[in-house]
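Multiple structures are listed underneath, in structure tokens.
The following pair of complexes shares a single chain, chain A, combined with chain B in the former and chain C in the latter.
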Partner chain A sequence: MNDCVSIVIVSHSPEVARGAADMVREMVGTEVRVAHCGGNPAGGLGTDVGAILRAIESVYGPKGVAMLIDLGGAETNSEMAIEMLPEEMRKNVVICNAPIVEGAVMAATEAAGGASLQAVRATAEEFLS
Partner chain B sequence: MAPDRLQRLIDAASANIAAHEEELTTLDRAIGDGDHGANMRRGFAAIEAAGAEISSLEFGAALQKAGMTLVMSVGGASGPLFGSLLMAMGKSAPAVPANAAAVAAMLTEGIESVKKRGKGDVGAKTMLDVLVPVRDAIASGDDPIAAARAAADAGLAATRDMKATKGRASFLGERSIGHLDPGARSSALLVHAICDVLEERK
Partner chain C sequence: MNGIIAKSWEAFGEAVIRDPTGLHARPAVKLTRRAKSHHAEIEVRAGSAGTWINAKSPNAVMKLKAGNGERLYFRALGEDAAVAIAAMVALVEQDFDG
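For the complex of A and B:
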């Protein structure tokens, strides 16, 4: 299982994050580890740096982690969480510039084939072009 | 810094944010997603809840702890933005700055961290449009407290006619013109709260 890039999904909405993760598992299977989080620390819409950190750590492996995130604060909080990781993990976690649901499915599909983090990210971001 | 002075700074900042939560929400509803008031109130309430621990620390460590508390509790982009501001200021100034020039130098470190975190600069209708003129005023004014207050108010007012190019407000483009920036407003509220304590008005 550690042979695959893992996926972390971060949305302002816990339901969107969970739903996107469900779609990945349904369409790609379970060999790619997927973590998701959504909502602010008080449970409302928003994102939570601590929850993002825990999500990354829960699926982190030697091939790295590709993150799919939604708007604004999700990006700032995800970048903050990445910076708070131990230095050796930091360079193995990337944020994909891709739509959250489509990007997660595309990234996981690529990851399932054993692709590198760079290839997973490129595949997710291809969706934009 | 004496623990009671740090505690008074925490209380004043938290109280001023809480007193203006509705205003911040209204400003953010106009050009953002309407969560800035609640997010900032939650962040500063968390700092207040940790007030005894924070105010027992050395000045720089206290700022860093307060910044980290914002990062972990706010839930929006303003957490890492205001959090990075305080953490970088605290890192650059282990002890209370000795004079206005040292305060300005500390603020410069914070401002650089905000620019990096937000990938922005002055003129984009953000908190930087208050922080940078406040820093400049502190560096150059004879009366740094009065100068900081005036620069905060002028900087905030100037955001009204700016077009947002950063954050959620940038989605609105031209339609962001005519509204004050909520992050600039909360920055001004913090500047005034700090000045109040420094002037012993509270």
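For the complex of A and C:
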């Protein structure tokens, strides 16, 4: 449904990204749209700005997108992907400062209730506090 | 009471956790989602001496760490409080299979 915040998971490893997305779908359900991407274009570990951009666009909705990402390059490439979005979409896409798997499940649980992007991000970031 | 007016909770319920591993992650998510589907303010605690927490907070519910055989207590406040409590109790009694 379009009235939930969507989730995008970005890992260096395609398997980690897919596994985290699987956990969200199984534990929270399918009403929250989840996209995932991982790996570099050569098929190795890494992240790819184009793939991240497509992942965001594939689930983008009016309530926005919360991103859960892993280490280093995932963050800079995610920031680059967000900057490549049309200006009106950019402010609706946030990177959560949270562990990728737990953060994704928490964010999706909050999102499933129709919560705002700010609330979804806060719930993901609250996990370790 | 320093001017703080205690909330008058309108509906109450309780149920025992049947899952052998207790209130683990998946049931915790289900509990939160069920709570969020109601307008009422809902709180839950594990055991009669537990601390009341917001049943709509995924983080708080996950940290309850209630074990098998432990009793969950619910209280609710709001227009659909009674319906919400019935739904929460049913969820636990059905072993989160719903």
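By definition in this document, the second predicted complex is superposed on the first by the 129 of 129 C-alpha atoms of A that agree within 3 Å, B and C clash if a C-alpha of one lies under 4 Å from a C-alpha of the other, contacts with A are read in each partner's own complex, and residues count from 1 in each chain.
Everything that follows uses one rule, which is that contacts are C-beta pairs under 8 Å (C-beta built on N, C-alpha and C of every residue); 3 or more make two chains touch, one makes a residue touch a chain.
As the structure is a prediction and not an experimental result, all values here were calculated from the model.
Student: Evaluate whether chain B and chain C can sit on chain A together after superposition, giving fit or clash.
Tutor: After superposition on chain A, chain B vs chain C: fit, no clash.
Student: Once the structures are superposed on A, label A:72 by its partner contacts, choosing first (chain B), second (chain C), both or neither.
Tutor: In the superposed model, A:72 contacts chain B only, not chain C.
Student: Regarding the shared-chain residue A:127, is it in contact with chain B (first), chain C (second), both, or neither?
Tutor: A:127 contacts chain C only, not chain B.
Student: Counting only touches as set out at the top, which of chain B and chain C does A:41 meet: first, second, both, neither?
Tutor: First partner only, chain B.
Student: Comparing chain B against chain C, which has contacts with more of the residues in chain A?
Tutor: On the superposition, B touches more of the residues of chain A.
Student: Using only C-alpha centres after the superposition, what angle do chain B and chain C make about chain A, to the nearest 10 degrees?
Tutor: So the C-alpha centres give an angle of 150 degrees.
Student: So, does A:50 touch the first partner chain B, the second partner chain C, both, or neither?
Tutor: In the superposition, A:50 touches chain B alone.
Student: State whether A:105 touches chain B only (first), chain C only (second), both chains, or neither.
Tutor: In the superposition, A:105 contacts chain C only.
Student: Can you give the closest approach of chain B to chain C, taken over C-alpha atoms and in whole Å, for the superposition?
Tutor: It comes out at 28 Å between the closest C-alpha atoms.
Student: In the complex, go through chain B and note every residue touching chain A.
Tutor: 33, 35, 38-39, 42, 71-81, 83-84, 117-118, 167-168
Student: Considering only the defined contacts, which chain C positions touch chain A in the complex?
Tutor: Answer in residue numbers: 25-26, 29, 32-33, 36-37, 56-59, 62.
Student: What residues on chain A touch chain B, complex-wise?
Tutor: 39-42, 44-50, 71-73, 75-77, 79-80
Student: Chain C touches which residues of chain A in the complex?
Tutor: Contact set of chain A toward chain C: 26-29, 105-106, 109-110, 112-114, 123, 126-127.
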